[in-house]
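The two complexes that follow have chain A in common; it is paired with chain B in the first and with chain C in the second.
Our next item is the complex of A and B:
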């Protein structure tokens, strides 16, 4: 097990800065997910932790020891590749035993450890097959067993679930999480799937264009996105972002109002999560433009004076038809504000006064 | 009934009962190929078998005489044929390390260089594209002990170039060397193609698992090149004899004292140099048997080693 510190880590490919001077600390036994769109540098970061890629700048420390120049084979890490990278000419048993073979572990001990690792991921009966005779989920388990068998101090997972079908992905997600907890393995997961990141990781690192946008728990990222990128990236359906002109440092959406610290701002971007908006007797007037039933919930697209807003209604019946006039309310606590240009989050002070606000606060509590 | 059935089944063409009837079209499509194979492969095969039990000297005026297995006895007993068989075995045994195994490290090296390796690939491949007749003439000049290029180079450091092609001890080795030089780049190219089947992630995975370059070569690259190696091995065994026909004919004519002939060249020697068509045909049939044995071994090997996709 290891604690990991990376400082000012960079990787450039020609003129392209894949990873741009990032700093990150991962605690011993922690499960961290690196989340971001494709090409954001998340896999490159993972490969630099593994030693496959050599950084062009910065340092990687394992438990305080500088491993930046250390070869991959000496780092005692396990990496599960997106493609699993099982050796096609070896049986499952030979695949799992390979790292032990390299560590010169005696034959008798080797068989025991292979059996144990195979048992952990429940593939004991597949040991004599070859990779191409296995399903995607089974190959994934073999890849995990091959990594676990050498008892690494750091487990790295590169989009390990992206080649699995939906139900299997769900099952493997909780299985990997349970395994990680039980073994207390420091784990770094790279993914572009926010559900994967939020359900599995203790903390999430949001990356974009080679830089870290924010680090935090799923809850922190959801409630207090540090900037517009995180606000738009986390949450599904995506957050409504509308540009408003504050009046005397105050922003107002229907009856909900909040004050900005900086009263001089001419324009701010306000974030409204679709699940925080609801239909109300009074509020921001609008007209239903589109109704999208999603099964458990219904997503409405509503044209309002501040722009088109999406509202996620927890009632699964369609309550309003396209073309109908409605009013929308939001609790002022759920308002988020960002600098329109820079995208940085702006602190808001909620006005506790006014009966409308009080009423909407009560209603928001009753929402699931 | 018929009218009704037709009406009902009009939309279900494939379900309608169909009479089995002779279809001429497939045979028509196959006809050109069957004709060509018949004329140029199967008829000569049968005719060779027939000629091998006759005596004839290629002269249309002389009648063909049936002699039974006498040609086979003559050929098997002759010094020429046993020299050819021996040279063939030696050539094959020496060719395996030179033409099958030696290209592998070259291919791996060029492969590991990525796009920078292209120049070496091109240079190595060049001899493959030159006509073997031109190659033979060039080597004849290079190896000439009287003012040849190699002689000039060696004499500048005080070494006298021996007459490599006219000495029995060195002639076969020289022919094998030239044929290796000619085919080497092509085999490197085949191995490079085989190497592209190995995903780079596998090498990364092995490296993380603690493997050194040597281990990666032995435990990953070598086994994954198995199908390519086997293919190169088989084609080397089968085609080396054919391949060296041109340099033998251009450089040594099978000599000196039968040192460079082989099972392939010997059929030419019997038929067109000795004008003994029957003996040439008998040697050809023996060559055919030899190649059938090689093919049989090949199928067995493929079953045994090429066991994964």
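Our next item is the complex of A and C:
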């Protein structure tokens, strides 16, 4: 097991900065997910941790030892690929034994360790098959066994679940998590799926355009996004972002009001999570533009003075029809504010909450 | 896929059937003549009335076995060497970053375009100066570098799935192990294709062995067969045909065994 420290790590491909001077510390035994959209540099970061990509700048430390220039084979890492990368010409047994063969581990010991790794991921009966004879989920387990057999100090997972169907993905998610807990393996998972990241990881690193936007627990990222990018990226359905002009340093959405520390701001972007909005007798008036039943909940798109807002109603029946006039309320505690230009989060002081309809909304404009 | 009308399909079949006949009839005549007795060789009947192995016996009476052995051994050694060098060079071109890599690869491609006959004389002089004249070395070594093989295998290695190579690296494999344990076992079709091309080219080679061998004990089969054409006059047609039949067999055999793989290989590398 290892604690990982990354300092000022960069990678450029020609003129493109794939990873731009990132710093990150991962604790021993921690499960960290790197989450971000395609091309944000998350996989490149993982491959630099593994030693497969060579950084163009910065350092990687494992337990305080500089491994930046170390070959992948000397780092004691286990890497699981999105495509599983099982060797097609070898049986499952040979696939799992391959790393041990490379480590020149005696044959008798090899068989024992292969059996143990296969047991951990429950593929004991598949050992004599070839990869093409296995289902996606089974291939995934073989890939896991192949890295666990090495007893690595760091487990690296590159979108390991994205090729599985939904139910299998759910099962593998909890299985990998249980395994990681049981073995106490320091693990880094790269994913673009926020559910995967939030359900599996102790901490989540949000990356965008080669930079780290925020590091935190799922709850921290959800409640206190550091900037507009994180606010928009975390949460499903995505957060409503509307631009408002504060009046005397105060922003209002319906009856909910909060004060900004900086009273000079001419414009702020307010974030409202669809699940925090609710229908109320009085509040921000609006008209239902679209109703999307999602099974357990219903998502409404509502045209209001401040822009189109999505509201997630936790009741599975459709309570309002398209074209109907409604009022929306939100608790002031759930208001988030961001600099419109820079996107940084702004601290808010909540000071008013009440049932009366706010008429003091100054100007509205919805973000694209 | 374009669906052809019945009439154009019929025309297509007729054309291919005619072409097949044009190629197969002489081959069949050769094979059938090989089994004819001497008086029958010039008979109008294409097949032997009294099939005999006499021609084959006469063939082996004049050191045909030596030619056969020379051809087999030098072809196998040469093809093995060609494939080995092509695999190693292709891996270097496909996987290593080094200075002048592209320029060097352009040179390899350039070598593909230089006619063999142009380089034959200088190589012949080198072979003689090295003292290799009339030896297996002369038949094998100058041909070991096989630019087409390097080109073909490089193209295949460039397309080899990167995650497999990365996984092997993470599993602790060196370049050598990655090449022989991961890449080569998965390049069966490409290597089979290369073996066929190299085998047929080497087996059928006529001019180079003629140039660099002199004694009977170094001649290859293609030159050996010629003996029956020049020296022994009219009555040697039977053994000549028997020799041609035997000489065609290995190349045909290799091709039939591996032909599907060859087609796959050339289609997937864009060469038809």
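By our rule, the second predicted complex is superposed on the first by the 351 of 368 C-alpha atoms of A that agree within 3 Å, B and C clash if a C-alpha of one lies under 4 Å from a C-alpha of the other, contacts with A are read in each partner's own complex, and residues count from 1 in each chain.
Simple rule for what comes next: a residue touches a chain if its C-beta (ideal position, glycine included) is under 8 Å from a C-beta of that chain, and two chains touch if they have at least 3 such contacts.
Note that the structure is predicted; figures quoted are calculated from it, not measured.
In this overlay on chain A, chain B clashes with chain C. Within the superposed three-chain model, A:16 lies out of touch with both chain B and chain C [touch as defined at top].
Residue contacts after overlaying the shared chain place A:103 against chain B and chain C alike. After overlaying the two complexes on the shared chain, residue contacts for A:308 are found with neither chain B nor chain C. Contact with neither chain B nor chain C is seen for A:247 once the two complexes are overlaid on the shared chain. Of the two partner chains, neither chain B nor chain C is touched by A:195.
When the two complexes are overlaid on their common chain A, residue A:69 makes contact with neither chain B nor chain C.
Looking at chain A, you'll find residues 50-52, 71-73, 77-79, 81, 83, 85, 87-89, 98-99, 102-103, 146, 150 touch chain B in one structure and chain C in the other. Per the touch definition, chain C reaches chain A in the complex via residues 161, 163-164, 166-174, 177, 181-182, 185-186. Chain B meets chain A in the complex at residues 199, 201-202, 204-212, 215, 219-220, 223-224, 226, 308-309.
Contact residues of chain A toward chain C in the complex are 47, 50-52, 71-73, 77-79, 81-83, 85, 87-89, 98-99, 102-103, 146-147, 150.
Interface of chain A with chain B (complex): residues 50-52, 71-73, 75, 77-79, 81, 83, 85, 87-89, 98-99, 102-103, 130, 132, 146, 150.
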